[in-house]
Amino acid sequence: MLEVEGLVAGYAGTPILRDISLRLDRGETVGLLGANNAGKTTLINSLSGIVTPMAGRIIFDGRDVTRATPMQRVEMGIIQVPEGRLVFPEMSVRENLLLGGFCDRARPLRPRQMEKVLALFPRLKERLSQPAGTLSGGEQQMLAIGRGLMAEARVLMLDEPSLGLSPLFVQYIFGIVDQLHKDGLTMLLVEQNLNLTLRHAQRCYVLERGHIAVEGAAEVVKNDPRTRQAYLGL
Amino acid sequence: MIKDDFFKTLASPWLWGIVLLGAMLPMVLSSYYTHILTIALVYVALASAWNIVGGMSGQISLAHSLFIGTGAMLSAALLVKLGINMWAGLVIAAATAGLLGAIIAWIDFRFQLGHLSFVLITLAFAEMASIVVEGWDFLGGASGLLLPQDTGNFLDFQFGGGRGAFWVMLGLATIIVLVNVAILNSPLGYYLRTIRDNEKAAQAIGVNVLRQKTTAMVISAVLTSIVGTAYVRYLTFADPYLLASPVITIEIVLFATVGGLGRAYGPALGALLLVPLGEVLRGKLGGAVPGLHYFIYGIVVIVVILATPSGLLPLFERLFWRRSRMLPKI
Amino acid sequence: MSELWQALAQGVFIGSTYGLLALGMGLVYGVSGVVNFAHGDFISLAMFMCLALFSAFSLDPYVSVLITIPVMTAIGALVYRFLLRPMVGYKFLMVVQLTLGLSLVLQNGILMIFGGQPARTPSIVESKLIILGDVVLRLAHVIACAVAFAMAIGLYVMLRSTDFGRSIRAVHQNAHAAALMGIDVGRVQVMTFALGIGILAVAAALLLPGTPIQPTQGLQYTVITLLVVVLGGMTNFVGIMLGGLVIGISEAMGTVYVSDTLGRLVPYAIFVLIMLFRPQGLTWRAS
């Protein structure tokens, strides 16, 4: 469904990612692992169109989207749930969700989609008119995911969803990930938390200093000694 | 303290050649063109003095009309109203301007003003100053002050107008540009640039931000005030709408930007290019098309900022000065 | 006593228009971080357009507005697209200088076309008065106040409850996240700037009756607008309208109760004090 070939990307002319190739199949949950500074966020931002690739191709549904703008990608259904949630703090939960469904494709479907999201996160229903900035970290993460789902995501990319959350909330969020997977959503889980991701993804890629060090089924990645090496930076 | 580059510049035959050649211009030019060049030199001096604050430490001060106004209106008022010799007036005005500069620098530091706040507060000070000047009879009020005829009596700060004024302005402009060179080659210049690039980091490495900023502001204010006094002597008429209005600061800022902010010769270049152009246009077409010269300044500024945001000086260097080493690269 | 009410009423009426002027600037600052020092010259431009329309077709400013709004909006869009947008990523100060240059161009462009003499644009409401007890109100001021508040409320509702309004607020609160929502941040910035300039067309028509205009007035309007925006806390909608009232009233009170010179100093003094001691503006915000 989403394919990356030989991607080189970075900032201000300095490549951070070197020759990245990966693939997401329909309905799959794929983990993208790596230590800090491995290039995970650069990769997800290249997929969202925030970072323009220097070389390589990104193909979505058979179409070359390498040069597509962030807006065009959202329109196609490539949705990112950013690291640190980035909810709109001075807007209500409801308004945040409405903004999630801002793109032309999702806009007419907002009422239906809103119901779905609120059924998935009953906590948000209670807080609909509260400013998003007053929510707890876990609630903000729910809102960020809900906001992503409002866009009728075809590929949902979650950047560090467990960051800064209590273990209880982490469990809850990953429960939601499992549920979305059961519903057939294609997801990319960008995470630092190795064991957690290996449990919830079918396949994984391990990034190490801008290139893919290990890839394969979760079991394979788990047992590959290079995975630990990539993490420890050996 | 001051790096050798400054002394190299001081000893440079190029510099003195240009200044000497400039000094001979009034001998060959008509009084009209001498007048235009005198005005251009006033702005060279003002823009270069402003550059010490606006260019080097990156604070866009719109308060400089306050200093020009102090130098011009206060010294004129002291002479006309109290009969105080203009040399003394020059010193009193310069000291007042320096004090005002120190106060502004202190406020900036004490309240940790951001760039925007600094622009706005200095603009508010400038507006207040122009209201005070227009409303206070001692400083001439809205009708301004007429100075006694310039008879060329040096002891009364008179230079005989025309050529005499030109040479005074040339001297002032040269000194202020050299002050720029000296500061850029001294620890102060280094500190100011550090502050401009990152004030927090400058503080963290032990730069006394208050002291450096205050020093820069006071030097700039004193020099600006002195130019103000000389300018009003040349004009003979202390016009509050020219000398104490924020518009003059905006002109200065734009000349400095067009030439190249923070560079020793940038503001001078900007003023030397734009003022004669503007004055000639005003002289030839001012009656028929008022405002044309400002209109053209505006267009030039926009085009320069969009096309070469670091100003015209780097462009000129590439064109003319590539091979020669007559001026240090600062 | 009647003097007090008179000054108060006048202050409120003028202040509400100041508030409207400042809303445009606040919106633009919130969305693109641009402080437009040519703001007042755009007001001038709109006023002189009304004058030209009166000279050519004897149109009342209240009618001319139907023409000046779309024209000013289009000018705003073009200026942002071709002059300000290329400055994205530059130092803030370069943008300030660019708008100062723009101010010179506008002010003197107007001067070249219309000359420097103060001019008036007649309007049917110009000399109409409303008398309430001791207080004499000019109809033009009452209309200005009503329209300014109506527009402010309209803008507020637009920001709160339309998708365009929400996209403006989203870009203000987090431009990166807004882009991830599929919002075209550049387009929102252009449209907000155009909106801010379009509002000025209305404000210009409201200020015109009875007010002499001259090309050099732009900077004063810019400064008043800046005062109001800063008082309001830069991007706080209610704060900005409140700031407009404070400036309007202090100006009116100042000229009535203190000497003219001191009266004119009052707003600036208030401004400097607020800048120094309450840089977040007058209103309190739940942080």
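As written, the chains take the letters A, B and C, and residue 1 is the first residue of each chain.
In this text, contacts are C-beta pairs under 8 Å (C-beta built on N, C-alpha and C of every residue); 3 or more make two chains touch, one makes a residue touch a chain.
The model shown is predicted, which means the values in this text are computed figures rather than measured ones.
Undergrad: Could you tell me which shape the graph of touching chains takes: line, ring, star, complete or other?
TA: line
Undergrad: Per-chain C-alpha centres versus the global one: which chain is nearest?
TA: Central chain is C.
Undergrad: Quick check for the class: compute each chain's Cα centroid; which one is farthest from the centroid of chain B?
TA: The most distant chain relative to chain B turns out to be A.
Undergrad: So, what's the distance in Å between the C-alpha centres of chain C and chain B?
TA: Taking the average C-alpha coordinate of chain B and of chain C, the gap between them is 32 Å.
Undergrad: Using CA atom averages as chain centres, what separation in Å is found between chain A and chain B?
TA: The answer is 55 Å.
Undergrad: Using mean C-alpha positions as chain centres, tell me how far chain A is from chain C in Å, no decimals.
TA: 43
Undergrad: Contact residues on chain B for chain C in the complex?
TA: So the residues of chain B touching chain C come out as 58, 60, 107, 111, 113, 115-117, 119-121, 123-125, 127-128, 131-132, 134-136, 246-247, 250, 253-254, 257, 289-292, 294-295, 297-302, 305-306, 309.
Undergrad: Which stretch or stretches of chain C touch chain B in the complex?
TA: Touch residues, chain C against chain B: 35, 83, 86-87, 90, 92-94, 96-98, 100-109, 111-112, 115-116, 215, 219, 223, 226-227, 230, 259-262, 264-265, 268-269, 271-272, 275-276, 279.
Undergrad: Given the complex with chain C, which residues does chain A contribute to the contact?
TA: Chain A reaches chain C through residues 48, 50, 69-71, 74-75, 79-80, 82, 86-91, 95, 98-100, 102-103, 107, 131, 147, 151.
Undergrad: Help me check something: in the complex, which residues belonging to chain C touch chain A?
TA: For this pair, the touching residues of chain C are 163, 166-167, 169-170, 173-174, 176-184, 286.
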